[in-house]
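Two complexes come next, and they have one chain in common, subunit A, joined by subunit B in the first and subunit C in the second.
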Partner chain A sequence: MTLAALGRPALIAALIFALGAAVLAAAGAIRSRRDLTDAATRSLAITAGFVVTAAVALTAALLAHDFSYSYVASYSSRSLTGPYALAALWGGMEGSLLFWTLLLTLFAVVAVVRARAKGMAHPVTAWATAVLAVIAAFFLILLIAPANPFTKLLTVPADGRGLNPLLQSPAMLIHPPLLYTGFVGFSIPFAFAMGALLSRRLDDTWFTSTRRWTLFAWSALSIGIVLGGAWAYTELGWGGYWAWDPVENASFMPWLTATAYLHSVVIQEKRRMFKVWNVCLILITYALAVFGTFLTRSGILSSIHTFTEGPIGRWFLPFLALMLIGGVGIVLWRLDGLRSTNRFDSLLSRESAFLANNVLFLAAASTVLWGTLYPVVAEAFSGARLSVGPPFFDAVFIPLGLALMALAGIGPLIGWRSMSTKAFGRIIQGPLVAGVVTIVACVAIGVRSVGALLAFGICAFTVASIVGEFVRGSRVHRKREALSWGPALVRTLTRNRRRYGGYVVHLGVVLIVIGLAGSAFRTERQASLDEGQSMDIAGYQLVYRDLETSNTPEKQVFQTDIDVSRDGEHVTTLHPQRNFHVAQQQWQSEIAIRSTPIEDLYIVVTTIDPDGAASVRAFVNPLTWWIWAGAVVMLLGMGVILSGRLPVAGMASTRTRVAEPVAATR
Partner chain B sequence: MGLAALLFWAMTRPGSTAFYMTPTELQAHGPTTAGETYRLNGTVVPGSIEQNGLTTTFVVSDGETDIDVTTDSPVPDTFKDRADVVARGGYDGATFTAVEVLAKCPSKFKAKA
Partner chain C sequence: MKVAFVTVALVALVAAPALASPEDVANDVSQNIMSPFCKGVTLHDCPSTAAARLRERIEGWARQGWSESRIMAELRRQYGARIDATPPTEGLGLVAWVLPAALLLLGIAAAGLLVKKWVRQPQPTGPPLSGEDRMRLEQELGTLREDLS
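== the complex of A and B ==
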C-alpha cells in the first residue's frame, strides 16, 4: 500500500472530526461547558491532522509520479521535478481545494488555541470554533464528493500531461499560495466576529485579538495580487500586468473590502462607532473570498483563464447563501447590542475621512462586482451575451483611485472628533503646494494627460502629507529624548508601529499609483525584421543582429540578439527568445525587459520564420518599475506593523493613548 | 447615486461592453456594425493557422460553423491548433477582422490540456 492510499480515508476521517468539533463547540457555547469546548478544540486539531495526512499523501503521489491517480496524471509529468512538482499540489482544481482546506484547518487550530491562551471569553471562542469547523466540513464534503483529488484511473498512462511552461515561473510558485493564504486568513476574523455576535460579547475583543490574522491575510493577498501582475507582465508578453479578467477581479474584490475593514475598525477602536458596519464588512469580505474561490472554479463566467466546468458551482451556491443569510440574520438579531456609543462631532474630523474611505472602497468593490457579473445578469435578462472590458473599469477606477489617494493624504492631517477650518487650512498648505508644484513641473516637461497630471499632483500631495507626519513625529522624539534626526525617525516608527507602518504602506501605494499612471504614456510598435534590419520606438533604435538556435531536452531555443541604442549610443543588448517546448508542443516567447525607474523597454519576439525573420513587438512602458518598488515598500510597511506587539484585548484604548503623543498634542 | 451615474457613464463608453458570440451566433447575426465591439469565441480548426509576416489567419469553429479570422496583432503563446480562443473585432459577413486574439489561459484549473 502506498502513502497516497491513505489520502481518501484521511479526508473522510477529517470530515467526521470536523462535524464532531462543530457540534461539540456549539454545545459547549450554549451550555457554557468548557469541557465540551476543550473536546471540540481537540477534535478540530485531529481534523487538521487528517487534512495534513491527505495533503502529504497527495504530495507523495505527485513526487512519486504515480499516474494511477487522475490528478497526478493531469497536472504533473516525469520531467517535472523539484519545486514545480510540488506546485502541482495547488495547480489543479481538486488539489487547490485540498490546499485551501489544509490552510483553513491549520489556521483555525492556531487561532483557537491562541485565543484561549490570551484569555478570550469562552463563548466567543467556542462559537468561533463551531463556525470554523462548519466551514472546514463544507470543504471536506467537496473533497470527498465532487472534487476528489484521489480519483483513480482505470488505465494508467505512461506519463502525465505536465504543467504548462507558462506556469513554470517562480512567481507562479508563490502567487497561488499567497492568494489562498489571504482568502483563508479572513476566515479567522469572520469566525470570531460571528462568535462575538452569537455570544453577545460585542466589545472590541473579537477584532483586536484577530487583528494580526487580518493584517497577515491582507498582506498575503496584497503581495499575491502584485505577484500575479508581475507574472503576467514578465511571461505573457502583451506588455501589461492587469486586464480586469474575472479571475483577477475575484481576488481584487475581497482585497478592496478588506482594506475598507482595516480602516474602519480603527474608528471602532478609538471612537466606539461603526460597530454594525465592521461586522458587515468582515462578513462581506469573507463572502467575497469564498465567492472568488467559487467563481474561479464554476465555469459560470467566460474568462481568459479556463476552469474545469465541474459540478462545484452547485455546491458552492447554497454554502454561500447559507453564509450570507446566516451572517446577516445574526447581525440583525444582535443589532441592539451594536449601537454606536458615539456620534460624529464634526464633518471635518478624522472619523469622516475614514467614512469617506469606506464609501470609496465599497464603491470600488461594487464596481468590480457589477462589471464581473454584468455578463451573467445581461444574459439572464436579454439573452444577449456581453463582456465587460477594461475601458469600463478604467473609467470608474481612475476617479475612485485618485480620490482614495488624496484621502490618504488628507486623513492624517485631520484630528479626531473635530478640527477648526483654520487649523486644517494651515496644516494642509504644505502638501497642497507640493501637489501644485508637481503639476506645474509636469506640464513644463510636457505631460498633457489630465488624468496623469492629477495622479502625479495627488501623489505628491499625499507624499508631502505623510513625510510631514514623520517630521512632526520625529521632532517630538528629538526634543523629548534629545535624539538626532535618524534615531528620532526610527523611534517614531517603532513607538507606534501601526500608525507609522500604515503610513509606509500608504507610501508604497503612492509609488504603485505613480507606476499605474505611467501606463498613460505607453508606446507600442511592431515590425517584421530580417537579420540586420532595425525598428524605432520612443527614441530607441532596435537592431536585430543575430539568431542563435540550440536544443535542450525540453525545448528548442531560438535566441535573438537585439542591439538597443539611443541617439546613436549603444544602450544594451537584449535577448528575447522564441522557444518550442517539445512535451507540450507549444511555442513560447521569453520576454526581454530593460527596466529602469524612468521606463521599461519590453521586447517580445512573436514569431520566427524559417529564414530567420522575426516578428518583434516592442513596448516602452514609462514608470512601470515603480509598481514593483511600491509593492516592496508596502511589504516593508506591513512588516513594521506586524512586527509590533499588537494591543491585547481590552488594553487597546489605554495603550494607543499613551503611544500617540502627536495626535494628542494636536 | 453618484456611483450609479459613474457606472452608467462608464458602461456607455465605447469598448466598455462587447457582444460575445459563437461562430454560429455570429453567422446568424450577420455583418457587425462599425463602432460596436464583438468577441468571437470558438476553437482553432487544426491546420488552419497561416502566418504571413505580421498577419495571422485562422479558422474558428464551434463544431457547427466555421469563420475565417484575420489579425495583424500578435497571437499569444497558447494560441495553437484546437486552442479555445476569443477574438475581438468586427465581422463583414465573410471574415472576422480581429484587433486582439486571446487564447484561454493554460490555467491550473483546466482538466483537459
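== the complex of A and C ==
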C-alpha cells in the first residue's frame, strides 16, 4: 500500500474527529465542563493530525508521479520536479482546498492551545473551538464529497498534464500559500469573537488575545496580494500588475475590511467604543474570505484565473448563509452587552478620523463587491449581458483610495478625544505645504495628469505628516534621555512599535501609491520585427539582433536577443522568450524587464513566425519599481508591529500614556 | 490653507492633456473594452493571438483617422454591448455607477449623525481619582511638560 492510499481514510477520520470536537466543545461550554473542552481540544488536535497525513499523502503522490490519482495526472507531470512539484499541491482546486484545511486545522490547534495557556475564559475558548471545528468539518466534507483530491483513474496515463506554465514562477510558490494564510488566519479572530458573544464575555479579551493572529493574517494577505501583482507583472505579459479580475477582487475585499478592523479596534482598545462595529467587521472579513473562495471555485463569474468550474459552488452558499445569518443573529442577540461606555468628545478628534477611515474602507469594499457581482445581478434582473472592467473600478475606487491616503496623513496630526481647529490648522500647515510644493514641482517638470498630480501631492502630504510624527517623538526621547537623533529615532520606533510600525506600514503604502500613479505615464508600442530591425519607445531604441532556439524535456525555447540603447548609448541586452510547452501543448511568453526606480522597460514577444520574425510588445512603465519597494517597507513595518509585545486588555491606556507624548498634548 | 487649494486648482487647470497618437488611441480603446477571447480581462490585457490581431485592427482604424467613439461603436456593432468594460450610464447600468456613491454618502451621513449624537450627549463621569492616582498623574504630566518645553 502506498502512502497516498492513506489520504482519503485520513480525511474521513479527520471529519469524524472535527464533528466530535464541535459537539464536545459546545457541550463543554453549555455545561461548563472543562473535561469536555479538554477532550474537544484533543479531538481538534487529532483532526489536524489526520489532515496533515492527507496532505503528506497527496504530496507523496505528486512527488512520486502517481498518475493513478486524477489530481496528480491533472496538475503534475514527470518533468515537473523540485519546488514546482510541491506547488502542484495548491495548483488545482482539490489540492488548494486540502491546503486550506491543513492551515485551518493547524492554526486552530495553536490558537486554542495558546488561548487556554494564557488563561482565556473557559467558555470563550470552548465556543471558539466549536466554531473552528465546524468550519474545519465543512471543508472536510468538501474534500470527501465534491472535491476529493484522491479520486482514482480507471486508466492510468503514462504522464500527467503538468502544472500550468504560468504557475511555474517563483512568486507562485509563495503567493497562494500567503493568500490562504491570510484567509484562514481570519478564522481565528472570527471564531473567538463568536466565542465571546456566545459565552457573553463581551470585554476586550477576544480581540486583544487574537490581535497577533489578525495582524499575522493581514500581513500575509497584504504580501500575498502584492506577490500576486508581481506574478501577473512578470508572467502575464500585458505590462500591468492589477486587472480588477474577480479573483483579484476576491482577495482584495477581505483585505479592505480587515484593514478597517485593524484601525477601528484601536478605538475599542483606547476608548471602549465601536464594540458592535468591530464584531461585525471581523464577521464581514471572514465571510468575504470564504466568499472569495466560493467566487474562485463556483464558476459564476468570468475570470482568467478561476479554478475549473466544479460542483462545489453550491456547497458554499448554505455555509455562507449559515455564517452570515448565524453571525448577525448572535450579534443582535448580544447587542445589549456590546453598547459603548464612552462617547465622542469632539468632532475633531482621532476617533472621528478612525471613523472616517472605516466609512471609506467599507465604501471601498462595497464598491469592489458591487462591481464584481454587478454582471451577475444585471443578467438576473434584466437578462442583459454587461461587463464591469478596470475602467469602472478605477473610476469609482481611485477617489476613495486617494481620500484614504490623505486620511493616513491627517490622522496622526489629530489628538485623541478633542483638538481645537486652531491647533489643527497650525499642525497641518507643514504637510499641506509639502503637498502643494510637490504638485507645483510635478507640473514644472511636465506632469499633466490631474489624477497623478493629486496622488503625488497627497503622498507628499502624508509622508510629511508621518515624518513629522517621527521627528516629534524622537525630539522627546532626545531631551528626556539625552540621545542623538539616530538612537532617539530607534527608541521612538521601539517604545511604541504598534503605532510607529503602523506609520512605517503607511509609508510603504505611500510608495505603492506613487508606483501606481506612475501607470498614468505608461507608454506602449507594438511592432513586428525581422532580425536587424528596430523599434522606438519613449526614448529607447530596441534592435532585434538574434533568435536562439533550444529544446528541454518540458519545452521548445525561442530566445530573442534585443539590444537596448538610448541616445546612441548601449544600455543593455534583453532576452524575452516565446516557448512551447510540450505537456500542455501551450505557447507561453517569458518577459524581459529592465527595472530601475525611474522606469521599467518591459518587453514581451507575442509571436515568432517560422521565418524568425518576432511580434514585439514593449512598455515603458514609470515608477513601477516603487510598488515592490513599498511592499518591502510595509513588510518591515509589519515586522516592527509583530515584534513588539502587544498590550493586553486593560493595559492599553497605561502603556500608551508614556509612549505617546505628542498626541497627549493635543 | 485657502491659498493651497487655490494653487492646486490653478495647477489642475494648467495641466491640459496632450494630443494622442494612433497607438495611444488604440491602447486607450483596448483598455476600455473587454476581450472577446479571454475571460474577465480587457482586450489590452488579453495575451491571446486573436486579441493581438484585434488590437492591430483597432490601431489601423485609428491610423485612418477614426475617432475613439466611432471605433467603440464599430466594436459594439460587431461584438455586442458586453464588450464595453464599463456599464452604460442609463437604465440598469446607471445603478452600477450610482450605488457606490449612494453607499458612500449613506455611510458619511450615518457616521456624521452618530458622531453628532455622541458628541452632544454628556460624558458619563467616572469615579474620582484616588490620592495616589492623582499624584502619579501629576508626576507624569510634569515630566511630559518638561520634555516638551
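We adopt the following convention: the second predicted complex is superposed on the first by the 658 of 666 C-alpha atoms of A that agree within 3 Å, B and C clash if a C-alpha of one lies under 4 Å from a C-alpha of the other, contacts with A are read in each partner's own complex, and residues count from 1 in each chain.
What we mean here is this: a residue touches a chain if its C-beta (ideal position, glycine included) is under 8 Å from a C-beta of that chain, and two chains touch if they have at least 3 such contacts.
Owing to the predicted nature of the structure, the values given are computational and were not obtained by experimental measurement.
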Superposed partners subunit B and subunit C on subunit A - clash or fit: clash
Partner chain in contact with A:R42 - subunit B first, subunit C second, else both or neither: neither
First (subunit B), second (subunit C), both or neither touched by A:H575: neither
Which superposed partner A:I439 touches (first subunit B, second subunit C, both, neither): second
First, second, both or neither for A:A363, with subunit B first and subunit C second: both
Contact breadth on subunit A, by residue count: subunit C or subunit B: C
Which of subunit B and subunit C A:V476 touches, first, second, both or neither: second
Partner chain(s) touched by A:R33 [first = subunit B, second = subunit C, both, neither]: neither
Contacts of A:G237 with subunit B and subunit C, given as first, second, both or neither: both
Contacts of A:F344 with subunit B and subunit C, given as first, second, both or neither: second
Which superposed partner A:V450 touches (first subunit B, second subunit C, both, neither): second
Segment of subunit B intruding into subunit C (one of 4-12, 22-30 or 58-66): 4-12
Residues on subunit A lying within both footprints (that of subunit B and that of subunit C): 236-238, 302-304, 306, 363, 366-367, 370, 374, 384-392, 395-396, 526, 589, 606-607, 615, 617
Parts of subunit B lying in touch with subunit A, wherever the complex brings them together: 3, 6-7, 9-11, 13-21, 25, 37, 39, 41, 51, 53-54, 74-78, 80, 84, 86, 102, 104-111, 113
Subunit A residues touching subunit B - in the complex, by the definition given at the top: 74-75, 90-93, 96, 161-162, 164, 166-167, 176, 236-238, 247, 296-297, 302-308, 310, 363, 366-367, 370, 374-375, 384-393, 395-396, 399, 526-528, 584-589, 604, 606-607, 609, 615, 617
Subunit C residues within the subunit A interface of the complex: 1, 4, 7-8, 11-12, 14-18, 23, 27, 31-34, 38-42, 44-47, 49, 52, 55-56, 59, 80-88, 91-93, 96-97, 99-101, 103-104, 107-108, 110-111, 114-116, 118-119, 121, 123-124, 140, 143-144, 147-148
Interface residues, subunit A side, partner subunit C - complex: 236-238, 240, 243, 245-246, 301-304, 306, 341-347, 352, 355-356, 358-360, 362-363, 366-367, 370-371, 374, 378, 381-382, 384-392, 395-396, 400, 425, 428-429, 432-433, 435-436, 439-440, 443, 447-450, 453-454, 457, 476, 479-480, 524-526, 589, 606-607, 615, 617, 657-658, 661, 664-665
